[in-house]
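Each of the two complexes below includes subunit A, the first together with subunit B, the second together with subunit C.
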Partner chain A sequence: MPKPAAKLAKIALPALVLGGLYLVAIQEHVQREHIRDAAVALTPRCIEKLEGYALAPGKRYESPYVLQRTGARIALRGYSEEDVRAIQRGCNIVDDTQGRFAQDPYAERWNAKRFLRGSHAACSNCHRGIGDRHDAAGNRPQGSLHLGASWVMGDMYDRFTGLLLPYEFRQFQCYMNASNGYKPNIADDVIRDVTAYTRFLSAAVDMKIANHYEEQGIDEIAASATLKQGDDYVRGEWLYKQKCQQCHGPQAFGQEVSGRLVAPALAGRNAWNLQSRNNFYFVSTILAGFICRNMPPGRENTLDNQECRDLAFYISNLPRPAGDKQGPLVAVQQQLLMAVMPPLLRLGASSKTPGPLSRGNGE
Partner chain B sequence: MKALALALRSHAFLLWEQWPKSSGHLLVGLTLALVTLPQAVAFSVTLAGVPPHFGIYAAIWGVLFCALLNPSPVFQGGPNTAMSAAMGVILLPTSAPFGTEYMGLALTLGLMCGLIQLLFWLIRPLGRMLDLISEPVINGMICGIGLFLIFRSLTTFGGLPVNTEVEWPLWIAWQSFLAILEIGNLHAIEIGLITLITCAVLQQFDRLRNWAILIGVAAGTLYSQYLNATLGLQNTLVEEIGNLSSIRVVSPSLPLFTQEAVPDVIAIVPGAVTLALLGLFQTVAAMRRMSRKAGGFTDSRKAIFADAVSNCLLPFLSSLPTCASFNRMWLVHKLGIHSRITIASSAIILLLLVLFFAKVIAIIPMPAMAAVIMLLGANMLNWEDIKPHLKNRREAVVFTASFLSVLFLDLFGAVIVGSVLAIAYSKWEQVNPNVSLRGNVLKIRGNIYYGSLPVIESMYHRAISRLEDVIIDFSECYYIDEEGIRWLAALKAGQKAAFVDRRSGRDRRDDEATETPGSGERRGESRRRRKQDRRRRTDI
Partner chain C sequence: MHAARSQPRLSRHAGSAEVPTLAALAVIIGFVLWAHLASGIPVFNSEVPPEPGWEKFRADYGISYFGDDGQFVRAVQNGYNLFFYTYKYAPRFTRTRAGDRVNSCSACHTVEDLAYSFVNSDRFDPRLGERLSFEDRVRGCYAVSVDGFVPTVFDPAVRDIRLLARAVAHHLQLSEGALRK
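Entry: the complex of A and B
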């Protein structure tokens, strides 16, 4: 090719590619703007939740929940129509992160699914009751991972990493570890809408920034809170079979019925990864606390501390994906385990007779 | 200490000798300063996660120290893309970028890097190890880092917050690309595109090539100012470099070594080793390549010394670590002036520029800086450097593995893979001697040592199974180790083969060298001598 023509090609080709990408970007921005302005189709649980808190556009906002619980009329600055739509979209994302109820997951959930691995991960798996669990009397139970409480206690030093973590960064950890996925950009609508929803929750239940609330996070269970029998895999396995297997399945791979998630996976490719704080070997107190305060559904707080730790110990020993800080070797090892262990266990289970422990402790 | 004093005195003397004889050197110095400035700011802010003065001080003091300590007239130190990117990767898990703790740890990391490099100078075999890193490994790493730089700059280019925390870089790059398309700041994208296209166009013209970055940044800055004036900063929301008025001639600093920071300091030790190796690899490779182009030679140990001492001093001057810069050294070479004074003058000119034009530098938009980094990354992916490696299968494998290891592993992993491959590559060459059987002569070229013996032995045993009278010709071997000698001795003791000794081989080669076509007498003489050789070899 002659030299001037080659030079022209070197200039024109990148300019054309970059110009084309710029046009695509403009198109994408216009599409996002349309979605932001469009009315939001709420999930059934979000309709109930947000109507219960009387979310509506207006200059002032008064929470009926606060009025009912305290008798005080606390008027806060109201929400614009744009704010309300963001809160509604945020509620939808927390309730239905995978977009199972959405006709168009991209438009209605900002395609949050692309930041998750597997088909089970969803915010409400851990943040029960769309991040705002209430008992029958309307109380917010201890250690229920309330998202409103997380918002008001956000932007604080994280005692595990020693970092000052903004609330958005905390959401990253959920995406990366608890969902074994990828983090969105902080400026992404997925993060902004979930933040808007959690901020609304804190206003709706009258939580104040920097206060400590019992329902925030998990009521952790340390070994010191037990009779110090030691955490036991065998006891954990037996308990799992008695209390959890019915919903989470024999190998803890979760259960889906007709495309609807009955119970999320606790092991395998759909579960949280080794770097999640749910992992007993990373933080031994969190999963135990979650189990005690939130499991089994409808019979919460029925397991004692040692049982919860045994269960957490057993579940954490099941094969699951590696975290991204752990490098390719651990990732390959975990993938191998996840591929090899399930058929071996099925084979073992089919030829196994009940052991003395399961017979003796069957009461 | 005495060695250090002597080294410094000899360097100062050489520096004086190279005092420029024309004012052209100052003009080149000005060009270098103007080219280095946007790079320095971009490396520190976009890649390393520290304020811009870190990069600027590296471009002043790093360049000056290297010019004083390194006798090479083509060597230019200063802030480096790969090292800055590595710092960002190493420090991100420890603390938040731009924070006090992060900056303290950045200085600590720089100091540890300097001390490790000093070990490479003090322990001579360690320094020599760097020479074992082959060209395909270095080029593979450079191409990988080039692509990594483009990926790393994507979010800043799109005016988006930089995603911190560890994740697979290729996935971050893909997500960042989608995020730019979907939610990027369109004003930032426009500024970045104007800078990028201006630089890319100007780079095609030889006369303007060296000014391309500067003009590109100026174009981006002017457009940014236009947007701010017409729409208002509150609407454009484009991040700028910010206030540089705190820059002084010297800004003393102390690396962080508090008791609370000890766990973090320990955590970044592997990173410091990576950083030290990354710097030294580039310095040694750049020195080797550019010195050859300039028709000179400088011992790589002197470059290691210069880098190590500079990096031990720079953390006390609020500076990023330094190492050789391929692109700036190439610029020095292209400008045709090989003088350390020119390089030193560029540092002084840069200092004056930042002291008197800080307000102008402060308004440079960050997307323009990201565009510069992307362009530098693209320039590191040079097809002319890649092509020769792809012609040879072994080189292609080594090059590709080094390239991919930067993208699929972290930089530390890439250094390890690169080093192992380089050693494996040289070993592979050694353990595969050229063994051929012609008639009953088993000819061995290359090495006879424990690694290559299985290849030679298998050929030898195949030969003796078919032939009665096998002759082993090792006259073209250049190295025989102890095990090789023992094997040869065992063969001799067993009377299983005859040898062609080195003297007869050399004689034969001498004959072949002196032989000219048409000289029948000499050919006849040669044949006679060969017959004598054959008779003699049975006596060995």
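Entry: the complex of A and C
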């Protein structure tokens, strides 16, 4: 090739690559603007939730829930159409993070799935009732991980990370550990829309900034809150078979029926990782508290503290992925456990009690 | 014979090598002590310098609700310093000086404005055609009102203003979307 032509190619090639990347970025921005402007197809539960709170564009917002509970009419700043759409998208993401109900998960959930590993992880697995669980009387139960309560307590000191943890960082932790996935960017619509939804929830139930509410977080159960029999794997396993196996499966790999998630995995590749606060060896009080206050669905608060701790201890001993900070050796060890243990357990179970419960539901 | 002659020379070398090592250690220890105890450089000191009015502000807005000390209270105090003495505590993000008419956030806003702005943030701004977070607004103030530069959302110059707003909003018992009466 003649020299001038080679020089020109050296300049033109990087310019073309950079220009191409710039065009791709522009196209992505335009596409995102279209999605932000498009009407939102709500999930059935979000329709019910947001209609119940009378979310609509307007200059003022008054929560019918607050009016019904307290008799007070509290006028708050209303929401624009853009704000309403952001809240709706946020509700959809919390309710259906994987986009199972979406025709186009990229457009309808900002493809939140790209930050998750496995097919079970979803915000509403832990934040039940789309982050706003109510009992039959309309009360918000203690330790129900209410997202609105979490928003008003954002920025507070977090004893696990040693940080003043903004609400967005809490979402990061959910993606990275509870969902065994990846950290989104703080400005990503996935994060911002969920923030918009949770801020709306806190307005709809009239929560005040930096007040502590009982429904915020988990009602942790320490060993001192039990009869101090110690946490027992065997009791936990027996309880699991009695109380949890029916929904979560014999090896806790969760259950899907016709593409619909009946119960999420508590172990295996679809479960939370070892760095999650749900892991008993990291924080021993959280999973037990979650079980006591939220499980089994419809019969919450029926297990005693010791039973919850035994269950948490058993579940935490089941194989699950390693966290990002635990290094390659732990990762390999956990992958090996997840590959080897299920068939061995199935073999053991089938040799003891042949029957439907001994069959794994496959992962 | 040769080995016998080299022996004392070796030990002399070892002795002389210890002197610079000890001197270097003394310099490092001296620097650490000076930095933490005498320098007054904020990065070496977890205490936030108390500016005039802080104790009154603390009492008026019930900051002690969050404890006497601790990360949150210190961040609120730093937010207070940033809000009232922006030119002094955020020199990287403003070109204004002490003598300028508008040299701090408090030249345009009250802390209560800040709290109401916080609970009304993350809303669509029709003028700009996008949803704006509280942090976006703070960054806008740095860039325009105090004639400076834009910090990242993670910078304490933004974060501590948000925490100040949160503490005041708590004192006023504001909820999301609260309107000023």
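Quick note on the criterion: the second predicted complex is superposed on the first by the 345 of 363 C-alpha atoms of A that agree within 3 Å, B and C clash if a C-alpha of one lies under 4 Å from a C-alpha of the other, contacts with A are read in each partner's own complex, and residues count from 1 in each chain.
Everything that follows uses one rule, which is that a contact is a pair of C-beta atoms (placed from the backbone, for glycine too) under 8 Å apart; a residue touches a chain by one contact, two chains touch by 3 or more.
Only a predicted model underlies this, so the values are computations on that prediction, with no experimental measurement involved.
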Contacts of A:E28 with subunit B and subunit C, given as first, second, both or neither: first
Which of subunit B and subunit C A:R77 touches, first, second, both or neither: second
First (subunit B), second (subunit C), both or neither touched by A:D206: second
Which of subunit B and subunit C A:I186 touches, first, second, both or neither: both
Which of subunit B and subunit C A:L42 touches, first, second, both or neither: neither
First, second, both or neither for A:T195, with subunit B first and subunit C second: second
Partner chain in contact with A:C308 - subunit B first, subunit C second, else both or neither: neither
Partner chain in contact with A:P14 - subunit B first, subunit C second, else both or neither: first
Overlap of subunit C and subunit B interfaces on subunit A (superposed complexes): 164, 186-187
Contact footprint of subunit A on subunit C as seen in their complex: 66, 70-72, 75, 118-120, 122-124, 126, 131, 133, 153-154, 159, 162-163, 166-167, 169-170, 173-179
Contact footprint of subunit C on subunit A as seen in their complex: 61, 74-83, 86, 151-152, 154-157, 164, 166, 186-187, 192, 195-196, 199-200, 202-203, 206-211
Subunit A - residues contacting subunit B, complex: 7, 10-11, 14-15, 18-19, 21-22, 24-26, 28-29, 32, 163-164, 169, 172-173, 176, 182-189, 324-325, 327-328
Contact footprint of subunit A on subunit B as seen in their complex: 93, 95-96, 155, 160-161, 163-168, 171-172, 175-176, 179-184, 186, 189-190, 193, 196-197, 200-201, 204, 408-409, 413
